[in-house]
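Presented below are the structures under discussion, each in the form of structure tokens.
Okay, so chain A shows up in both of these, paired with chain B first and chain C after.
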Partner chain A sequence: MSTSDAPERRTGVTRRAVLTAGGVAAVGAVVASTHGAGASTDSASSIPFFGKHQGGIVTPAQGHLALGIFNVAASDRQELKRMLADWGRAAQRLTVGLPLVETYDGSYPPSDTGEALGLGAANLTLTFGYGPSLFNDRFGLSSRRPKVLVDLPAFDGDELNPAFTAGDLCVQACADDPQVAFHAIRSLARLGLGTVELQSLQLGSGRTSATSSEQRSARNLLGFKDGTNNLRGGDSALLKRWLWVGARDDQQWMTGGTYLVARRIQMNLSTWSSTPLKVQESVIGRKRSSGAPLTGEREHDKANFEALDPHGFPVIPLGAHIRVAAPETNGGVHLLRRGYNFIDGVDERTGNLNAGLLFLCFQRDPVKQFTALQGDLARSDNLSQYVTHVGSGVFACPPGLGSNDELGASLFD
Partner chain B sequence: MSTSDAPERRTGVTRRAVLTAGGVAAVGAVVASTHGAGASTDSASSIPFFGKHQGGIVTPAQGHLALGIFNVAASDRQELKRMLADWGRAAQRLTVGLPLVETYDGSYPPSDTGEALGLGAANLTLTFGYGPSLFNDRFGLSSRRPKVLVDLPAFDGDELNPAFTAGDLCVQACADDPQVAFHAIRSLARLGLGTVELQSLQLGSGRTSATSSEQRSARNLLGFKDGTNNLRGGDSALLKRWLWVGARDDQQWMTGGTYLVARRIQMNLSTWSSTPLKVQESVIGRKRSSGAPLTGEREHDKANFEALDPHGFPVIPLGAHIRVAAPETNGGVHLLRRGYNFIDGVDERTGNLNAGLLFLCFQRDPVKQFTALQGDLARSDNLSQYVTHVGSGVFACPPGLGSNDELGASLFD
Partner chain C sequence: MLAALALVTSAMLLTDCGTTAHMAVRTTTTIAGKVPSRAEQAAALFATTSYRRQVVQAAEGFTTSVTELDGALRRGDRQAAIRAWAAAQGSFDLLRPVLLGGPASSATYDGQLLGGSKTRGKGLHAIERALFQGPLSDGLAAMPDLKAAGPQLVIGLFRTIIQPSGVAVNQVHALGFLADHVIANAQERVSHRDLIDVLAILHAVRGGLDALRPLANLVDPTQLAKTSRGLDQADALLSMVPASSTDAQVPGPVWARLGRLVAVLQFDFGQLAGSIAGYSSGRYYA
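The block that comes next holds the complex of A and B.
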């Protein structure tokens, strides 16, 4: 892959003076329009950036995640608008495996940090979301806030770390290569220097949720298959009902969009792994080896919540995770899950592994879907004894862009 | 892949009562001998565990790293010996993609934590090393300590974090899948509960050092190709001279072994990325896009350290990283590097990215090789302004095992 772009391709050039650790420098962060820019890359490994919906939602879940949460430091509406447009142009390039355009004058810092040169698009998707706090009075956006975009309530057992909670903006980068996903968030953070600050960067791998019928279920760090009953990209009727915001739901600019709920779930792995296998299986409601419900033989067998054992007790206990979370016990509510395992080394205070699940899910209405469901889970899911939610955010993800659209423009116009 | 092993395969079974967070539990950590155990796995994706040398050294560098540093909590020589033997048997299974044997009685915690079930061997290698502190008086091993296995000296600019420094034992797990590498370290930590404590677990990806001539150079987080002049698995004469411990070097038990130096190098990415490209290139001594030395055109062109520019200054500056680190300026010293990029989110104190390089290198004599070289680098490498060494360890990696050998036995017998 070339590390620079032919000058004749450069249209719509912007330059930004940005604050850096070393003082103010003209970084020359030049972002070109990308019409035709994908020509030199391997299209087989890239996901279209333009479309009715954003990528990274029903896209078959890639192997790696970098989740960036940003806060807006600027107080200027125009500056925020300009940065979002820059982000959109950058995303077009990054998702076809092109670097941000090179600065040809070596006297300036390179506009692209370079660590992903040669790695290709690696099926990178960038999914942008706006947090409730973006719609307070700072940017004159309060009339644009969707009614369902409100901070999640406190749930039983939550122990939220502010670093992983809330946030004005969220970018979910997913890719087949972790360095490509990281590079994308790093690039957006640099483009936004002086306008936004990166509150947190969370890396995940080992996707726990299949989002396409071709993908097999994967295992979380509890050792169990996860996401067996997930919505899939091919479930058109369910996606229309439970995933995509409809034209009459609320704010017009969200039509075709969806809401992301991101929860950082710490797992007490040492307690879990000293729990007998039968107890683990009764907590989840599934057999570990096959992933089948305790009433079935195969992973995708339908769970029978009525079945009783010879002593008259439910085969799938009343507090089993799959019972409490099942659509059948929650008014039919579905979520599109897109979780990743995280492993952040050893907690120096406790000596335990600092690891768990970055639970990401998308839905049409976070109040009626995630919040309703999690309220039940926090109260009665037997799994709650083994996990602690330590981060939380909700974000409005607008629909996809047409090839002449600017990211964020629909918020402001 | 089956989650259990046929009972008739189980030979040499051991059972360990281990301390867990919930108290003392009989975990039933059953580790079977693995003669023939690889039959059911995809051998194309596995690296032989047995051999003259340990895997994970000249093995073509896999994409992901999990580096575990352990300290021995037990004071009993026999307990340490037994645990190392268990680790060796576990490693045989893990490296062919088999779980630690299942406990068939669901009343016990499962012996395998399960998160890697179905992921195969993923070319997993496990490379074991012993730190200098293992040879103090606790285990009666002081007479077995190789003379060159001494704590590294303090280097200019070191800011070592104890969590990432020293350690009695080190296990380098490398694999094509990060969850497989993590699972291996987690499994060894569980097997060793009560005998060892996991001091740190460091994850890396985006290998920065090719170790085979078939592998292309990869880029570090500075955006530059790294490891261009690395030793390769095919360089037999250089490996004999610089990598493998010879029969007359010192301790017999180290013949065919090597020494691992592990340095955690934090990069000041915000300062680096606000540095002009020409300055970056002069700091490294290479062109960023091609990786060629400043005196050449292609990555593998030999650097000409004598070349002067029209003003009479060296084209490759005196403090350029590649000049200070080159074998030509260090008495011909070579290292086998095997580094990985690490990304640990945002540093809450500074708001900067907590990221850099897990610099791993193998050598025949750490005193004459790494220590001599790093002394020069710490003093005169221009790159030192942009990086800080925050972790450090040195470990004696014994030779590989024959199929009837126990890991660690050569230390004690």
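The block that comes next holds the complex of A and C.
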């Protein structure tokens, strides 16, 4: 048993006690010395929690996702504020591979659930977001709501399940180890007991987008490369224009932040996998093997939407996914996509796989970007017949924290 | 067997008149080998002309049912309206894969309840709500769109390009809707009469298979027999359930068995599409 798993000396396991007496202030020191307090940390595989922007956005996409959607049960503004601050302190520890507490009192249930002990940080990032419903009258935040933070409209074909839709808060946990990501959300949910309730926990495995130039495009469960034209972390000019909220955009507290749109997209895999490959490629507009557009040879060849076949029909069909979604046909709109595959067993009524895509994307203005784009996709994307959107949410992700900042403080102050 | 066709085009295209929706699925395949036999050519032509006839009849049936529905709503005759609504729904279920399941068309014709406020008051689901939940007059709001839809459908179908393999792919899509939207996630959430959709879709799928039968019998009789058996099993399963049953009256194991039969049928139609790929009706407009 490691020293971090030794009996807790303190009594009581309240959130405040855990995080204040548990040594959060010493996180910096602990990171500097990976042996500090006997905790298992792995700074070599950790993503800095502090910074201008939150982690988990332009961070090279990790392999696993745990997405927690929360609703606030408390009605007291100060209680919510305290909990967010505690979440921030917990996040500092979790993202360097530390458990929530250093020591344990065997007389009590352990404050850290323990499943991530010894797994290190695994490049864990925690990205926090506020849903539109947080800005109603409950917490006196209505004047702080960014004007572009509004519930997404119902799109044609949506079959939304309330369990996966909306929410007051979201936490996106991404890591190279699924258990680390799960542990993070579980820990935050336990810290928030009584203040927030976990509406849903969605697990994704296998990134479907590359967010850095070093990463190769991944494949979604349809078998096609996804996110070929995604924004990447190195695209500074594009990120400034399409990702980060500017100082003059709206609410000052969001400067340097961004907006997350989370859509749970059920893939009708039985239908897709019974569809001939040529038709699949026409629906996407790309070749499955190489990822090249139907008018090209290599993945990153520019699609030629003007090209016609010998019969005069577009080589890339009018309803092909890449045509309808392309920036060229959408006023140049870009998104930073950061999706993950999900696999959730078998539908008991049909015997078909319950699987699909947790489509996550970040943008500067969800109204002008995601909503405008999805409106077109829902109307005319041939891929629509193979997918069903069953969950939907939008969240304001504030900028990153300085080492002396508290999570949520800029929202309330 | 098929061969030596320098260039074979298999495509489906629908221009949704009066809207901005343009959908196309098109494949161009170069195949080396010999030309199809006269019998195969005749069977391919039969497949497309037969399927086209079914589709046009469904569009005309849809128009007729909508007219009857409109009259029944205006007369306040709920029972006649329910009959007309069920008939229109059945026709639409046959047409759905031809429209490529485009949500744009669904909003107008179908108006899925789960689509949210945007589709409220639209399509056949708005009618369903009026018929089973509440005043009949509520259904009248959806009628202008539905009445306009029928003629638009017929016009649109004249621009539909279909090849035999496309007929098979359409059955994959029809069965996909049945599995993913009817069996897994009930469609008729007010009337709880999903059997209307189930029976209509399976009837349409059988029509599609019948259209393909001569060609499939020449090209891949084994796959044809397997597909036919699967469809027979589904029909036999449903024959044990009265057609007027509500969703709750259909035993859970029947739904589960049906779901699994549909998955196998989807796979089989996909295989059939591959077997007959490349056969053309000999003209663009089937």
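Some observations on this one:
Following the convention adopted for this analysis, the second predicted complex is superposed on the first by the 371 of 413 C-alpha atoms of A that agree within 3 Å, B and C clash if a C-alpha of one lies under 4 Å from a C-alpha of the other, contacts with A are read in each partner's own complex, and residues count from 1 in each chain.
In the analysis below, a contact is a pair of C-beta atoms (placed from the backbone, for glycine too) under 8 Å apart; a residue touches a chain by one contact, two chains touch by 3 or more.
For clarity, every value in this text was computed on a predicted model and none was experimentally measured.
In the superposition on chain A, A:Ser384 makes contact with chain C only, while chain B stays out of contact range. In the superposition on chain A, A:Thr329 contacts neither chain B nor chain C. When the shared chain is aligned, no partner comes close enough to touch A:Thr255: not chain B, not chain C.
Comparing chain C and chain B on the residues of chain A they touch gives the larger count to B. When the two complexes are overlaid on their common chain A, residue A:Gln215 makes contact with neither chain B nor chain C. In the overlay built on the shared chain, the residue A:Pro153 is in contact with chain C alone; chain B does not reach it. Contact with both chain B and chain C is seen for A:Asn352 once the two complexes are overlaid on the shared chain. After overlaying the two complexes on the shared chain, residue contacts for A:His311 are found with chain C alone; chain B is out of touch. In the superposition on chain A, A:Thr271 makes contact with both chain B and chain C. Looking at the shared chain after the overlay, A:Asn71 reaches neither chain B nor chain C.
Residues 268, 270-271, 273-276, 278, 281, 348, 351-352 of chain A touch chain B in one complex and chain C in the other. Contact residues of chain C toward chain A in the complex are 7, 9-11, 13, 20-29, 100-104, 106-107, 112, 114-119, 165, 169, 172-173, 175-176, 179-181, 183-185, 255-256, 259-260, 262-263, 266-267, 269-270, 273-274, 277, 284.
Considering their complex, residues 153-160, 266, 268, 270-271, 273-276, 278-279, 281-283, 309-311, 313-314, 317-319, 347-352, 378-380, 382, 384-386, 388 of chain A touch chain C. Interface residues of chain B, counted against chain A in their complex, comprise 3-4, 20-22, 25, 27, 103, 106-110, 112-118, 163, 177-179, 182, 186, 190, 197-203, 205-206, 216, 219-224, 268-271, 273-278, 280-281, 288-289, 341, 343-346, 348, 351-353.
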